[in-house]
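Before I ask anything, here is the structure I am working with.
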Amino acid sequence: MRPTPRTKGSRRNGLALHLILITGMVLSLFPFYWTLVMATNTTGDIFRYPPKLTIGSHFGDNVSKVFDSIDFPGSMLNTFVVAVSVTVLVLFFDSLAAFTFAKFDFPGRRALFVVLMGIFMVPTQLQAIPQFVIMARLGWIGSLTALIVPAAANAFGIFWMRQYMMGAIHDELLDAARLDGCGFFRQYWHVALPVVRPGLAFLGIYTFIASWNDYMWPLIALVNPHNLTLQVALSQLNGVHSTDYSMVMAGALLAMIPLLVVFVLAARHFIADLAKGAVRG
Amino acid sequence: MDTTSTAAGAPRGRRAHLPRLTRQAPTGPGAVRPDGLRRAPADHWPKYLAISPFYLLFLAFGLIPVVFSLYLAFHRWDGIGGMEYAGLSQFRYLLTDSQFWNSISVTVQIWAMATVPTLFLAMVTAVLMNSAVRFKGFYRVAYFVPSVTSIVAIAIVFGSIFSTEFGLTNAALRAVGLDTVPWLNSPWGIKTAIAALMTWQWVGYNAIIYLAGLQTIPSELYEAARVDGAGPVQSFFRITVPMMRPVILFTLVVSTVTGLQSFSESQVLLASTSNTSNAGGPDNAGQTMVLYFYQQTFDNNDFGYGAAMAWGIFLVVALFAIINWRLVQRRER
Amino acid sequence: MRRVVGAVPLSRRGLLRAGGLGAAAAALAGTPACSVPTGSTGRQMTLWYWTSGLSDKVVGEARRKFTAVDLRPVQIGGYFRSKLLTNMAGRAYVPDITGLKGEDMASYHANADQFMDLRALGADALADRYLPWKWRECITSQGRMIGFPIDVGPTAHYYRPDVFERAGLPTEPDDVAAQMSSWDTYFAAGRRLRKKVPGASMILGMTDVFQYAIGQSTERFVDKDKHFIGDGEHVRHAWDLAVRAKRMGITSHLRPGSPDQTAALAKGRLPSQLNPSWWSADLKLSAPGSKGKWRVARMPGGPANYGGSFLAITKYCRKPEQAFEIITWLLDADNQTRGFTDAGLFPSTPASYTHKAMRAPDPFFGGQVTVDVFGPAAEKIPVAYNSPYDVAVSQPIRDEIVNINDLGKDPDDAWRDAMSKVRRIADHLGVS
């Protein structure tokens, strides 16, 4: 299973290997190409047999129809606001709690951590109805607050950051800081945070992507048709205009692009961190 | 709530790498600073303050809702009018609701149809990538991209690929002279389409994790095996699989937790029209537990029954979690 | 870990605390609603409808005409009733004026207190201008009027003469109506079509047959006294008809409302569709390329009503008088006439029927004057009592119809399964 450069047929093997990997890669990327094909042709072209497999010239028309049908820039902005706010809050609250759990002892610590772990197992459906009712009382239904506040800290992030911090922050550093007269929060801010920046980057990208793609709760909570996130707006577009297929596809494509850009820019470190975390556990 | 968006839940829509829970108990060796317990609890206020946001959010949007949902499950309520005490009748109705049992079996079937090929293909891909010397970084990104793509957009695209009239799969079948299949209008077609979507989305993700696992296996092991005359297949089953067992179990646990709560795929793929709700296609073949919950609660406005069903789903998920837990624990011994 | 399954602590103190929280939760649910929902602002007046639910031109004119308010029309996608009720449950962004689908009307009666009583706003004075049976559907058993009639849904036979010609079937509306006057002769024509034009289906699915055969009778599934009548002769008859269509192999496997149906319509693989008047707007949107190729003829087996909707003013509306003025203007005879020419909404105002514009030839239908078909159908619609429980109780029957159509389930098994499920649901809802 390891590379075996010493055997004779290795060149041919290497070629076969890349061929298989490239086939898999094509399968992996094909739906994106296909979206592009459908988004740049007319609905009539899509319905044809044999199917048209090449990129057409109607992208502009389709996009302008998308902009007429839903408030695309507004939804994009909403999604961005939610994803950024959630990410910033999660990074702050989770890392702060993780730091505390990882490096300090205090009465009730163990019990509190066990509760935190138990929360992993509560399915979110159990909370959907009551959350809806509570938010309705708070007057948050239909506003982005309903998406941001409950997501501002989570058990997963605390757990993950705690694991990360236990390895990354050396006690000597904190001791030194304390000798210099640093209190708890200054130890966190000046000592811990700079050290765990790679961990924060991973958690940040992860949270951002998850928040950007979130669907079920926004679908329930965003009841104001003028104020939606991208995912909900896209499903609206699909619901109202399912007959104009190429236009729906243009919407789908537009909704994919920003995240793909973010991801490709951050990909290298993100993938490495994720894999490391999973294996090391 | 597909993803990290609740204070209380683990991120579920994304396959987060759930760190292994057992190895490091809350009081892991060397993790805790020795200061502390001698002082009075009040002196620890910065620490309580530091962890309080999560617990406050959890109280408001996690614990109170859970208790409230139990209360709701004993009532009839359409969310608009008054509540009416219903005793255990919602739970009785749930137990005899064939559609609920069906939704459990649908969920498990789709989960199995997606998870087996996903993990198998991921392993194959990882082994191949591990052998490749060049373009590794490039492959990794290309294979990983599907898992960060919007599920709504991708479900819309897969809806077109599996369309009866103009879908690519049927066009391919026709091109080789086979009969077309009404994918999204037949029970196995629906399940296949959803499983295909999930497989497509998660092969790369799991492959990356496996790849990292493969890279931790010392190459001496393989050398030794080769010296002992083991072929590549033998060393795969004798070395790779046992060494990778923890990682494989980890991916299995994650895909169980996410698979049992699948919703968006069916919700978008089998979208409702303006005067019907989405019941998961013919014979409710694509109606997962969560989709049925959503339909009863927010389409039929049966909040009481929805709450009872949420508890039913909770029990099913807990059952699978316990099974998983046992698997993980056996490994530890 | 294992001790903490879920988040509810199982100790005695925990249980006590949980009990306290339960009481708090109960208090939360019982708090009287604030009458002003989140999101309502001064001059704004929101109007919810769905694609082709009203004439967009008339709505646009209303915006310009009623300047005392800022009328904000919104087209809502997806399952409309669910969205409206969810907003009502959330008490947020409830529209001031909303469309109510005809199929759902009876079920809204259960939430009548969410809507303004239009009688209190003076609706009675206008009653004689609207079809009496349609008007009655707006009034609850307590005498509250919760909706105002938009259109009615007289059904007809939409067909493609070009495809019919290839199958050797008649092409002129009168000839089509004459040859396919009953379900039997319609099915026979379907068999001929299937033989001569491979890949084409006469009927979208058994659901259509079942639905319209029920619509041709004067009974539904639950009667006025809350008794279940869904096992009656009229349902059995509709069921058997639908089964016969399936056995003759003339139904398609396409999901209603799916892009597949759109594609098949555009390609002429569904050259015959039984549908109400309002469906013509959907058809024009779905298959713009088939303009001029469609005609309408009288419905096999006689007319039925399907859909046809209402406008309502919600209790959250701050200016109900103003809203009432707007809806009565939107739905007066002149504007209903335009509803028909713009969106195929067949007027519920008899005064429109003699209006010249109603007789304008429709180029989409090759210049046919479609009111000649829909008008007589509207006059002969069999009127039935629609129960709030109809939708829920009939759901298993309709599900099993789909199972026969798409999965080839044995019809006898399907009927048995449907009836046992219906009984359960009826019990759950208190229908006897």
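Lettered A, B and C in written order, each chain numbered from 1.
The criterion applied here is as follows: a residue touches a chain if its C-beta (ideal position, glycine included) is under 8 Å from a C-beta of that chain, and two chains touch if they have at least 3 such contacts.
Values in this document were obtained by computation on a predicted structure and should not be read as measured data.
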Distance-maximising chain from subunit A - centres being C-alpha averages: C
Between the pairs A-B and A-C, the one where more C-beta pairs touch: A-B
Inter-chain centre distance, subunit B versus subunit C - centres from mean C-alpha coordinates, in Å: 36
Whole-Å gap between the CA centroids of subunit A and subunit B: 15
Separation of mean Cα positions, subunit C and subunit A [Å, integer]: 39
Per-residue overlap in subunit C, given as positions that touch at least 2 other chains: 1, 5-7, 25, 28-29, 50-51, 77-78, 86, 89, 257-259, 263, 267
Per-residue overlap in subunit A, given as positions that touch at least 2 other chains: 47, 114-115, 117, 119, 121-122, 130, 133-134, 220, 235, 238-239, 242, 245
Shared interface positions of subunit B, touching two or more other chains: 8, 21, 58, 62, 64, 66, 68, 72, 79, 160, 165-166, 271-272, 274, 298, 303, 314, 318
Footprint of subunit B on subunit C - complex, ascending: 1-2, 5-8, 18, 21-22, 24-26, 28-30, 50-51, 77-82, 85-86, 88-89, 101, 103-104, 110-111, 113-114, 253-260, 263-264, 267, 269, 307, 392, 399, 402-403, 405-407, 409, 421, 424, 428
Contact footprint of subunit C on subunit A as seen in their complex: 44, 47, 114-115, 117-119, 121-122, 130, 132-137, 139-143, 220, 223-226, 235-245
Of subunit B, residues touching subunit C in the complex: 8, 21, 58, 62-64, 66-68, 70-72, 77-81, 83, 93, 96-98, 159-160, 163-166, 182, 184-187, 271-279, 281-284, 298-301, 303, 314, 318, 325
Touching residues on subunit C, where the partner in the complex is subunit A: 1, 3-7, 25, 28-29, 31, 38-39, 48, 50-51, 74-78, 83, 86-87, 89-93, 257-259, 262-263, 266-267, 282, 285-286, 289
For the subunit A and subunit B complex, residues of the former touching the latter: 1-3, 14, 17-18, 20-21, 24-25, 27-29, 31-32, 34-35, 38, 46-51, 86, 90, 93-94, 96-97, 99-110, 112-117, 119-131, 133-134, 147, 149-160, 163, 166, 171, 174, 183-185, 188, 206-207, 209-217, 219-220, 230-231, 234-235, 238-239, 242, 245, 248-249, 251-253, 255-256, 259-260, 263-264, 267-268, 271, 274-279, 281
